[in-house]
Amino acid sequence: MFSVTVRDHIMIAHSFAGEVFGPAQKLHGATFVVDATFKRPELDADNIVVDMGLAGAELKAICGALSYRNLDDEADFKGVNTSTEFLAKVIADRLTDKIAAGDLGAGASGITGIAVTLHESHIAWAGYERTL
Amino acid sequence: MFSVTVRDHIMIAHSFAGEVFGPAQKLHGATFVVDATFKRPELDADNIVVDMGLAGAELKAICGALSYRNLDDEADFKGVNTSTEFLAKVIADRLTDKIAAGDLGAGASGITGIAVTLHESHIAWAGYERTL
Amino acid sequence: MFSVTVRDHIMIAHSFAGEVFGPAQKLHGATFVVDATFKRPELDADNIVVDMGLAGAELKAICGALSYRNLDDEADFKGVNTSTEFLAKVIADRLTDKIAAGDLGAGASGITGIAVTLHESHIAWAGYERTL
Amino acid sequence: MFSVTVRDHIMIAHSFAGEVFGPAQKLHGATFVVDATFKRPELDADNIVVDMGLAGAELKAICGALSYRNLDDEADFKGVNTSTEFLAKVIADRLTDKIAAGDLGAGASGITGIAVTLHESHIAWAGYERTL
Amino acid sequence: MFSVTVRDHIMIAHSFAGEVFGPAQKLHGATFVVDATFKRPELDADNIVVDMGLAGAELKAICGALSYRNLDDEADFKGVNTSTEFLAKVIADRLTDKIAAGDLGAGASGITGIAVTLHESHIAWAGYERTL
Amino acid sequence: MFSVTVRDHIMIAHSFAGEVFGPAQKLHGATFVVDATFKRPELDADNIVVDMGLAGAELKAICGALSYRNLDDEADFKGVNTSTEFLAKVIADRLTDKIAAGDLGAGASGITGIAVTLHESHIAWAGYERTL
């Protein structure tokens, strides 16, 4: 299995509901360094998994639509705990939609899996992995 | 599949038996930066894999019981080569026991896999991964 | 010159005033990975710059008083742009006060300089350095 | 499953054929930081996955045979796009051959999988994973 | 003293003249991860060292003019060993010119020092630091 | 001022004397990732600070003479607390001696400063800087 990963980041405010979150129930914020991995069993005609430039640009667009916001105020996340692992799934699903829409190039149709990791600090990160 | 990882570290002395270990047969030591990953297919009622604060605290407790010791003198490891990969399994198994005992919270019962990586330097690390 | 550095982190929400900040004028947030460096020309009687455990504990206390908050609502920062470089100074000054108060141990009186770096992402960080 | 990873690097020049590569169609170069991971379900008689020193030495030999070259001029890669993901497979396959030849020691015969990751910058990396 | 650092990277081919360079006398290549640090004793009216977005954009422009090239063929570097430390100076000097030209904003006139570090691998980096 | 840094590591056992060290008074160990930086105001005739290959080889030799040992048993360190900052000075001084002996090449005579940083974990490091 081959893979390619590109990295970007978002900076957001949010709060959590639930005693399990302790002090993180208050409005606070995070930088999430976002790693998006694309997987496929065979390379395409150009000998690559995906156009890395295009993959980076589309990840940047997804990050741009999430960043510099208070996620508590976003319609998409009303009443939802926007945990690191949940946000990893949001980004993985949006990348999947972009592949289906052809935004990562025709060759990207051979991609069979996506994994997204969000690093929230030097001591904690979370991820979501799915097939296509 | 969702995952959450927390990081801590231990600082230990030990030696190895066996020609394959070369100079590491002598008493020496290591810092192991420990990454513990928890996996599950669906998030819990709080939209998380595990209470990250609790996961970090329990990992710290496990690391505390291993750190600042000469592992050659520990009853648990008598006559055992405490290789990086072996120690990764020790920590993964102890985390599994804690989950079974409810120490990571009731929600943690949905965790289906654990992976532990121990970084021994900037050029070498080892790990162990298991299901629950 | 000798130095010792310890690392911790904070997770905060804030916004900025001023066109120069572009989208960061909106309420957003950040993880700041905080590196605090202590410097002195000669080691103390224990052959160290500072008690590393105590330095880490006091840095954690300072970080705890800043973290999981919306800095826009904090009395200390009313009407202030809490830029990364400004926050580095806040933490450096608070560490300096702790040294003066003896909170880092008697040996710490020999510390002559402090530098604090705040990493806000994998591609940006800021710092402040001062003498004591 | 246990794993051990060792890291080395190569510094090469190359160019790519195909519009998808944009400016990278011109002769340029890269540092690839190479992580080679060895996997097996059970440890060997020495309680390890592989002799880490030997694994590092053999990875260094493979890297040495690729590094400080213009890959466009290498007979092995004539007319091939030496993408990061493709080079990860080259290194994984060469390591597999070395294991089969006994170069990683007799104990290494129990290795069941190899994964190789090549980091081309702080924001992009690629890999290849195979069974033995 | 305050500082702000932004990171970008270049990917280039080059060769060196001189026996001291050993195998690096052959055409090869490198990724240089570039850290550009701006320093000043006091913050500007916006409470910052420099507009971080603008600093990143101008560093990207400088990197873009160097990247995806064989430096041996560039008029600027004819007959010059484009060592990592030399390239750090090239980038620091170009950033200095941009500050003088006002490209980093009016507030940037208060910047008194620039440091540039180029990481060529996980085990080697080089830098250049200057006053303005 | 120009600089070049090379990285290596040591793995040692040791213990500390003094209540300030808490649990580290017991025999334990550490991996120290060692960064050695060489500084000079002007580049040499080859346009470099130092022969990076030679600098790496000599650092490796110094590390080799310290690694895979219990420092408590070493004649050089009898009755000495081998703190991270103290060991940084040991390595910086040994590098200085090598430069004086010509082991880093004739060009290295222009080096005016050395800085050594030892990373003992992901959250703590220490250093020593000196002129030549």
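Worth a mention:
Order of writing sets the labels: A, B, C, D, E and F. Residues in every chain begin at 1.
Basically, contacts are C-beta pairs under 8 Å (C-beta built on N, C-alpha and C of every residue); 3 or more make two chains touch, one makes a residue touch a chain.
Every value quoted in this text rests on a predicted model; they were computed, and no experiment measured them.
Steps from chain A to chain E, minimised over paths through touching chains, total 2.
Note: the chain lying farthest from chain C is D, by mean C-alpha position. For chain F, the chain whose average C-alpha position is most distant is A.
Work out the mean CA point of chain A and of chain B, and you get 27 Å between them. Taking each chain's centre as the average of its CA atoms, chain C and chain D sit 40 Å apart.
For chain D, residues that reach two or more other chains under the stated contact definition are 7, 122-123.
Chain E meets chain F in the complex at residues 16, 18, 20-22, 80-86, 88-89, 122-130. Across the complex, chain F meets chain E through its residues 1-8, 43, 46-49, 51-53, 56, 105, 107.
By the touch rule above, chain D contacts chain E in their complex via residues 7, 9, 11-14, 23-24, 26-33, 67-70, 120-123.
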